[in-house]
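Heads up: the structure comes next, in structure tokens.
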Amino acid sequence: MRRFFGFRSAPAFAIPPDVASDDVPPSCPRCGVSLVEDARYERYRVCSACGAHLAIGSRRRIAALVDEGSFRETDAKLFSADPLSFTDDAPYRLRLDEQRRVTGQADALITGTAGLHGHKIVLAALDFAFMGGSMGLVVGEKLVRAAELARERRIPLLSIVASGGARMQEGMYSLLQMAKTAAAIQRLHAAGVPYVSVLTHPTTGGVFASFASLGDVIVAEPGALIGFAGPRVVEHFLGRPLPPGSHSAEFLLEHGMIDAIVPRAELPATLGTLLRHYTRSDARHDGPGYELREPAAIGHD
Amino acid sequence: MIDVAEHSAVAATPTAWDRVKLARHSERPHFLDYLEALTTDWVELHGDRAFGDDRALIGGLATFDGQTVMVLGHQKGNDTKENIARNFGMARPEGYRKAERLMRHAEKFGFPLITFIDTPGAEPGIGSEERGQGTAIAESLLTMADLGVPSVAVVIGEGGSGGALAIGVADRLLMLENTIYAVASPEACAAILWKDAGRAAEAAETMRITAADLAAFGIIDEVVPEASPAHERPKDAIQGTGAALARHLRELTAEFPPHDAGAIERLRAARYERFRRIGAWREAEPTTRHSDEGGISAPRNGRSGEPRESAQRSG
Amino acid sequence: MIDVAEHSAVAATPTAWDRVKLARHSERPHFLDYLEALTTDWVELHGDRAFGDDRALIGGLATFDGQTVMVLGHQKGNDTKENIARNFGMARPEGYRKAERLMRHAEKFGFPLITFIDTPGAEPGIGSEERGQGTAIAESLLTMADLGVPSVAVVIGEGGSGGALAIGVADRLLMLENTIYAVASPEACAAILWKDAGRAAEAAETMRITAADLAAFGIIDEVVPEASPAHERPKDAIQGTGAALARHLRELTAEFPPHDAGAIERLRAARYERFRRIGAWREAEPTTRHSDEGGISAPRNGRSGEPRESAQRSG
Amino acid sequence: MRRFFGFRSAPAFAIPPDVASDDVPPSCPRCGVSLVEDARYERYRVCSACGAHLAIGSRRRIAALVDEGSFRETDAKLFSADPLSFTDDAPYRLRLDEQRRVTGQADALITGTAGLHGHKIVLAALDFAFMGGSMGLVVGEKLVRAAELARERRIPLLSIVASGGARMQEGMYSLLQMAKTAAAIQRLHAAGVPYVSVLTHPTTGGVFASFASLGDVIVAEPGALIGFAGPRVVEHFLGRPLPPGSHSAEFLLEHGMIDAIVPRAELPATLGTLLRHYTRSDARHDGPGYELREPAAIGHD
């Protein structure tokens, strides 16, 4: 099946290798070790042998992240109206039907509420398996509704993205979702409600250049390919290959664009700590008071 | 790049691809031509105060229609040398950060904002990635969405993707008749859809990127007519643009007077609603099977449930 | 760099130069040692979102004394390798821009700010000039002066010039007993005054850079005692620092409760007044000739005209 | 006489050459052409032949900038109290006395109110001739008073600086003027009163790294040496010579730190235009209405 990457060309899957679906592959595409009966792979789609973060479906991702049974989906039945009546080799509507059939989802973004280490959150997870996680009207609308819900209820928003960018088949409507989602995040910021953005492999184009880059805190998964223009576009523009490591999460950390790189299996704990900080901001001075722990051995990094 | 003789073949009903060529025409008036003709007291303000001064996206203070405005625009060159200096109108992250700085400057002093859009897109270079092109564009979108002064944007040539939108989150959006505004260039679109950039003309049609298309969608507020293509009659195009900008700016400043906190909150709310309601979607499972031709027969529903035919625009 | 054996010569009354050597001692506890001992739930937040992540000036969220605080500090290394990674605690512009970002983050969520100062100074490299070291420091000063949450700064080693002050515009300023805070390093001072960096010890005395000197001037609020030098008894130094920080932070949050708009305005006004009144000057022509020894005999007058002996500090 | 440059060493006067005093020199130190009967030199201390911007005293600078006879000095009699009782080879107090005698000023900063193209402004001009324009308590205090006056009366503040940085002889008091002046400018910003900063040759150290870099608009004179660390300090740190053009106004413009480079003779007109923009912000829509001028010939830079 063909994938659509919006206005940027398909990312090169150099770092790390990707697994096309949630079906258990025989072995890790990076290190070649078998993934059968790999418990870490089973839960997180992470190879125990080499730590490669492989593709994970949104529902599995949510299940591995939030408190068990706490996820309540919102706006599950929002469908694209194909505003351009777009067709290339085949009508967009038929592609959408096929994507829905294959993924079991109405569009690329799943939203809802959940608990995370006991903290209530609004959650939005973009699924790369649905048309490359591209952002059309439905993705934009659902992200905005999630941000509005977070704002109204004053509970933190968490977004997790993997996306090739805008959904070209929805033309300018798609581009305008960048403005619309940025505006919704602005209002969330103005209301002082925390927003944490998680970038996963791959994240490029219009999603990266809008809400996903506007988190109060932005974290990325190790090795994820992230950038504004996809590597092929940049290479075409430059007329030479990219320097090694470009477009990786590690590159973004070095260049100051993200707050941290967090392995998928550690994400629940890290987000739990962050949420504890943000959610107790109205209830300070109820702590245990000043208490000294043993000074650490000197030597850090 | 464009064969100047070719456009004479552009007859009464130009195709989308004709518009693309007109929008990119090297002799078409560029930002500084509009600026020089329409404003006085220009003081260019340079730099992002952090890394550099982008020559592809420039801005400053000027007098327009009797008041001080902040003006921002992409600047293309008129020849190869100028184009190299202007990076072909492709802004880098420091350009968007300068834009953000100047937007906040405008807000601080209550100056309305006018932006002139004319770019093939944000620069996709490695340096731009290193300095956070995506981050810079996202932050510019957010800043412009939040801006406490009225804003009008006008597409005077190419409206190329996120690099155009970054200075396009305005209260009013105008396009000259022979300009385009698109999520991707027709060439890039054709390359992705058919792996054949040569089918760009076909893509241009499919993508619905002309001023007329976007007016029909309710995405833009006004099409500034070009009786003749702007590069043939620049004065007419500039005059028409100036008149339209002045009209929209007067409407906006009448409705949202500067230095009035209540009006500023209403302005922000109106701008949010403007972008919030763009689009169409269905709130229930599609019930009919579509024909292979992809004809639209199923009802479209806005989020409130009532039938909605793409976006409605009051402006 | 420092001869460890040498400090045993530091007797009951160390000279200013002894303090300089103690302040720079490589085994002295550094920022991360304090952080690890005094806080929990540390989440480091990286990057300026524009150019880079500075490893010499780091920050993040942590739990201290039962509440969430934003913590910022210069980090020196404990050996050459670490020092290279940390740029010897000399921050670059992106470090100060990260600090600014995290200060605004703290303000947004109402987290008090604690800063740990330990730097020879801001990095004077060409890259730092290119990216606006002066601009970045100035903006950090302004941001910190404006910050809508209480802040406490503590000098744990070297307080070197503008690079230290950039994270030192706090509501309370503490120094450990064997630390220094100076407008220039004694070596630089000696080089300028006598064209002889070898006279640094003499300069150190003349410049009045020890905690005791600055407490006498009313420039700092408290000296955290070191019964033994901090590198000999790190736990004591860290414990004493933690207790002082907690005490000042509790006083501040009691006086200026977070999320109370009136209290935040009072906080800003108090901080302004704090820096506003530092110093002494005469409001009229000096009338007496001074002796060659430079003894002070002429009256000093504050701006309101009443006699003022250098700065008074209430804190 | 020795000069003092605060905590940074003396700037190298490579670009442009400097003239030590306001006395007419026989010829331009850059191009060698005679400056006798050079009207531009007489008024602006700019060489007509090569455009070199030479040293100019604060009073001459003010006279060449503001509406004739409009300058009213404030706080002319604020004197340093020598808070450290500082002495190196000679007591600081005696040096101050000498500087006062030579320059006729109480300290390095002159402040006051003036008209500029009919717009009322508060003006603060730092004189490099007084101890290298270094910022001690008096300079900081007077700058803050000027900013407070501008804030109270809601009239724009204009500062013009030339400075080697902090005044080392006042120790930590000197350093703290960076915080104090930045805080005063912050309040001016918060009140929405415009502040324009003019950087002239040379500007380094604590003045550059505080109020002088915090203008709503920052302009510099052509060829002025400007930077945080002086060129010698940077060269010492690098262990090699600086690249050509480093630390110049042009370098700062290229690197995005200043808004414009304005020749001294054009400064009154440029500032006049800026002031017109800022001061009519409360009185808009009183203009002539929309009016088209002839479109310019295509071709700009």
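Residue numbering begins at 1 within each chain, and the chains themselves are lettered A, B, C and D in the order written.
Please note the rule applied: a contact is a pair of C-beta atoms (placed from the backbone, for glycine too) under 8 Å apart; a residue touches a chain by one contact, two chains touch by 3 or more.
It should be emphasised that the depicted structure is a prediction, and the values quoted were computed from it without experimental measurement.
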Quiz item: So which chain is farthest from chain C, going by the mean of the CA atoms in each chain?
Solution: B
Practice problem: Looking only at C-beta pairs in contact, point me to the busier pair out of C-D and B-D. | Solution: C-D
Exercise. Report, in whole Å, the distance between the mean C-alpha point of chain B and the mean C-alpha point of chain C.
Key: 47
Quiz prompt | Centre-of-Cα separation between chain D and chain C, whole angstrom | solution = 28
Quiz item: Cα centroid separation between chain B and chain D, in whole Å?
Solution: 40
Exercise. For chain D, jot down the residues that touch at least 2 other chains.
Key: 189, 255-257
Practice problem: Return the residues of chain B touching two or more other chains; collapse runs of consecutive numbers into ranges. | Solution: 49-51, 131-132, 135, 139
Practice problem: Once you've mapped the touching chain pairs, tell me: line, ring, star, complete or other? | Solution: other
Quiz item: Mind giving me all the chain pairs that touch?
Solution: A-B, A-C, B-C, B-D, C-D
Quiz item: In the complex of these two chains, what residues of chain A are touching chain B?
Solution: 4-7, 9, 77-94, 97, 106, 137-138, 140-141, 144-145, 166, 168, 170-180, 182-187, 189-190, 205-206, 208-214, 227-229, 233-234, 237-238, 242-243, 246-247, 251, 255-257
Self-check item: Residues of chain A that touch chain C when the two form their complex
Solution: 189, 192, 194, 216-217, 253-260, 270, 273-274, 276-278, 280-282, 284-290, 292-296, 298-301
Self-check item: In the complex, chain B residues that touch chain C
Solution: 49-51, 93, 97, 131-132, 135-136, 139
Exercise. Can you check the complex and tell me which residues of chain B touch chain D?
Key: 27, 29-30, 32-33, 36-38, 40-41, 43-53, 61, 63, 65-68, 75, 78, 82, 85, 94, 98, 105, 108-111, 234-235, 238-239, 242-243, 246, 250, 253, 258-259
Quiz prompt | Residue ranges of chain B in contact with chain A within the complex | solution = 122-126, 128-135, 137-139, 141-142, 145-146, 161-162, 165, 168-169, 181-184, 188-189, 191-194, 206-209, 214, 217, 219, 271-272, 275-276, 278-286, 290, 292-296, 300-301, 303, 310-311
